[in-house]
Amino acid sequence: MGGMDLVSGRGVEVTIGSAVFKNPVFLASGPAGYGLEYETVIDLAVLGGVVAKTITYKPLVGNRGARLRETPSGLLNSIGLENVGCEAFLSEKLPAMVERGMRPIVSIGAEGWEDYERLLERLSGTEGFDAVEINLSCPNVDIGGMAVGRDPELVEKYVRRASEVLGGKCILAKLTPNVEDIVPLALSAEGAGADGIVAVNTIVGMDIDVRNRKLVFDRVTAGLSGPAILPVALAAVWKIARSVEIPVVGVGGISSVDDALKFFMAGAAAVEVGTAIFYDPELPVRIIERLEKDGIPERLSG
Amino acid sequence: MSSAGRGIFLTEILDNRALYPDTHVISIKRPAGFPDTEPGGFISIRAVENTTPLLLRPFSIMWQDDEHIEILVKVVGPGSEALSKKRTKEPVKILGPLGGRTFPAPSQRPVILIAGGTGIAPIAYAIKKWSAAGVSNAVLIYGAASSVGIARDILDEVVIESHYATLDGSLGFEGDAVELFKSLALDNSLPEGDIYSCGPRGMVRALCDAVAGLGGMYKGRFAHHYTSLEAVMACGLGACRGCTVPLKGDGESALKTVCSDGPVFDAEEIDWEGWTW
Amino acid sequence: MGGMDLVSGRGVEVTIGSAVFKNPVFLASGPAGYGLEYETVIDLAVLGGVVAKTITYKPLVGNRGARLRETPSGLLNSIGLENVGCEAFLSEKLPAMVERGMRPIVSIGAEGWEDYERLLERLSGTEGFDAVEINLSCPNVDIGGMAVGRDPELVEKYVRRASEVLGGKCILAKLTPNVEDIVPLALSAEGAGADGIVAVNTIVGMDIDVRNRKLVFDRVTAGLSGPAILPVALAAVWKIARSVEIPVVGVGGISSVDDALKFFMAGAAAVEVGTAIFYDPELPVRIIERLEKDGIPERLSG
Amino acid sequence: MSSAGRGIFLTEILDNRALYPDTHVISIKRPAGFPDTEPGGFISIRAVENTTPLLLRPFSIMWQDDEHIEILVKVVGPGSEALSKKRTKEPVKILGPLGGRTFPAPSQRPVILIAGGTGIAPIAYAIKKWSAAGVSNAVLIYGAASSVGIARDILDEVVIESHYATLDGSLGFEGDAVELFKSLALDNSLPEGDIYSCGPRGMVRALCDAVAGLGGMYKGRFAHHYTSLEAVMACGLGACRGCTVPLKGDGESALKTVCSDGPVFDAEEIDWEGWTW
């Protein structure tokens, strides 16, 4: 600790498994869709990576009812993994992402094991991407998602299968903070061959519309993201980074350049910006500029 | 509306005047590179520097020329309140122009424009823009709680046939815009044409019912009904899939995004019954 | 759901176990100390109850290092259960609370089982209070606290012992949200004889001082409270209220009268105000006034 | 200072003037029932309506009379920035008066007042209050970054022996307040008396070292050194136990609260080494 030592003069490249990213700043899965929607708003080609919206084997229409609700410094969402499905993703979205200079990271999810196997099968041997993020943590669906991600054995099973089928690609496992201790899940993922851990997905929360005396979300609970959860995400990253050997990607509440630096100091090798893209689309680029100027902060000891 | 030129712009407030105590007309400097827009297009604004409220706030464009973008802001919560306090020269960030589908420009058929409350913003834009383009066969029906809420001056010099409704009867017809519409239609005072509406959800829904309920010789008189909708938004770009509206489908209604599939929709396609959120 | 039905004309008394509180608005344990410190600031006698700072058998000096840190709409604290110990509490603080018209709820914690037994022994037969809140959830101490509160068997053991020793008093069990599922803990407490469940204590989080490149807290992590955590607390209360028969006391992020109403709608029988007392000391009184005017909102079905 | 009369008060801003761009003198209407205070006493203010920043912000009372409470606000973050933008007549909530131990009123012995930056606030209060009460044997040593930071006008008509230090040498002694103190002490230009200080932690610590380092005839010349400390606070009342400062103890240092055991402490008792937060 102590002392200012940000300026290390190093480059900002980061290697996770077999994949080399030109910088460690990614867009998180979900808020920015397939990146394409933000095309004219920010220069997506300068980003280290763009994690696409989680795709499932078949298209999903997502949840009915309200999907968004602001909370103090936070956002509850109940999108429910609406996505175009892997076929449309591979034939339309992915090529478009690549064409626009984005470095895609494909986020995958599934409604159960069979669905998952079919998705992996479909992805195997497919070109256009070299990194996959397994979403083991969506709180807004009944099957798959967080239910899988809370069980170290299932995490192990899902990650192992992805490593087997997608051998050679960089495999990231994205974990949920809705557990007593996130470390065993990270260890499971690492043991099963994950090249990196992504922490965290949203925290389970809910809201009530007092005036109309009704639940805000049809599914009652939703996922909390945004600055409100940064302290929780940071603690998760800190703990994981001290338990696994593989790189950790920090996500949760990053809302300023300093917030991103906190994650590096906590031990993250890369960061993802999610909710902040809504209110400060230029933030990822500002983070990259800072890292290029001052280097990636070293992690704190302890 | 195409997304070409869409972006996040740092610009500044040119003017902020209270039309009435809780409703402001805010004029923003049109940033270099900000594209032309169509009525129904909107922008999202960062109302505060900090994170409460967190998200940008969407507002319909009420007028736009080479130098200005004008919006009408009704104070209903923290975001609009913060905006209402902004002063001339204060910097402000806007994301826009937003909207995947705007009001179609009228062809030969007359247009009946129906606005409730701040729903006048995109309607005023339509009237001013199209008047300037020579469209003359338009009728405005504009309802508000009282005469104070009827912002006649934002329509400036534009002269089209205008009918006002106020709930308290302080100006024009006593009642709401939909009742006025019905009474005018039954009076045979409205041309055969297309409806363009914007207002509270209840109003637009009642308007749909009213149009559907018109029997006899009035049936089919209003071929299209375009309406500009509102929903809570996060990205405003179609990315997050948060701002859904259900459209009537074969079985379950289809979910579309207000920000990128709209905000303008065919009113008759909306699954009002299923839109419980 | 649907419809406005707040005005029920009922009184605002609430009964939990053997204790009748004149209204369901309490001060949460900790932020307001022993209540006494707020004596001249708010009228403590109008409150339904004042949960005193958690006491242990012996006085504790609490944690060294920074103890407070603001986060977006939240507060991290690492007080570490500094308290005057049960002797001083019983001889000085408790009588002073009673004298000033407060309705004390005694919050108890312990560094391990023996300490706990000694504390219970000391409290048994003592007058001046009829309700106890067992703090099974402090994240800022090494022994006792959250470590106990995460284990359904230990929760059962601690609560049962309190019921045995303090038989006749109202026993509340205060739970931690830092678990995968809070319901089993609530069920354990209920099964062991708790008269009510208090949810939630703070959420584990951390922060880093970027400028000085150092951890904010000596113990690395701290407890997150305030509006940021309201959605999480509300979801916990909703779930518990649908799983246990005993009353639930909602706490976490209440920052406005509407926030309090949300907890009642979620199924809480009473609420506690914690962090908000710092920036809006009059809030508890405003909540009481609203409840007295409009009645306690009925819980939502579902 | 007793807690009698302490409370949360809704009052209003009477005046807000920028002393220099980043430092404002804010005059607040003294609410009915707000007790008299002593120098070192402070108030906490709610800077914003929303929850970012969350907590009240503590500020030393710089002056107080029947109608006014005056504070000096340096803009260092969101809370002070929001305060610096408040306008006359804006409502504001204050909690106070706070502080368990304030500067003791000087008896017969001279006092040497040493202020750094905004640390001048409680020192100015002491000077003005005690001057009015007839205390005349006081010396002020006041340091800031530059002459701009030396707010001489807040001391109004009060004339006491004053020595200024600026880091850039633009006014008075070139250096900081502690160096100036040392040089004055070694020059034998300071009376034998008690020190009252307020300033950045580093300054007060250096001052302690300086006093301790004074050997020979200077030793023991300054019997007491009272200093007003700062710490991040939540309750301001001694309730939450959040604002600790370590005092030298037998073994481990004892933790005291700045808000209720202080903010004024005997500087020599502070465990500077152990105060790592």
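Each chain gets a letter, A, B, C and D, in the order it is written, and its residues are counted from 1.
Throughout what follows, contacts are C-beta pairs under 8 Å (C-beta built on N, C-alpha and C of every residue); 3 or more make two chains touch, one makes a residue touch a chain.
This is a predicted model, so every value here is computed, not measured.
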Shared touching partners of chain A and chain B are C, D
Most remote chain w.r.t. Chain A, using mean C-alpha positions, is D
Per the C-alpha centroid definition, the whole-Å distance linking chain A and chain C comes out as 34
Note: chain C sits from chain B at a C-alpha centroid distance in Å of 47
Chain centres from averaged Cα atoms put chain B and chain D apart, in whole Å, by 55
Per the C-alpha means, the centres of chain C and chain D lie apart by a whole-Å value of 36
Each of the following residues of chain B touches two or more other chains, namely 50-52
Shared-interface residues of chain A (touching two or more other chains) are 72-74, 226-227, 255
Contact graph of the chains (line, ring, star, complete, other): complete
Counting only contacts in the complex, chain A reaches chain B at residues 30-34, 37-42, 53, 61-62, 64-70, 72-75, 77, 79, 82, 218, 226-227, 255, 275, 277-282
Seen from chain D, its contact residues with chain C in the complex are 3-8, 46, 51-56, 95, 232-235, 237-244, 246, 252, 254-255, 260, 274, 276-277
Residue set of chain B touching chain C in the complex reads 50-52
Note: in the complex, chain A contacts chain D through residues 72-73
In their shared complex, chain C is touched by residues of chain A numbered 1-6, 71-74, 76, 150, 178-180, 203-208, 210-215, 220-222, 224, 226-232, 234-235, 238, 253, 255, 258, 261-262, 265-266, 297, 300, 302
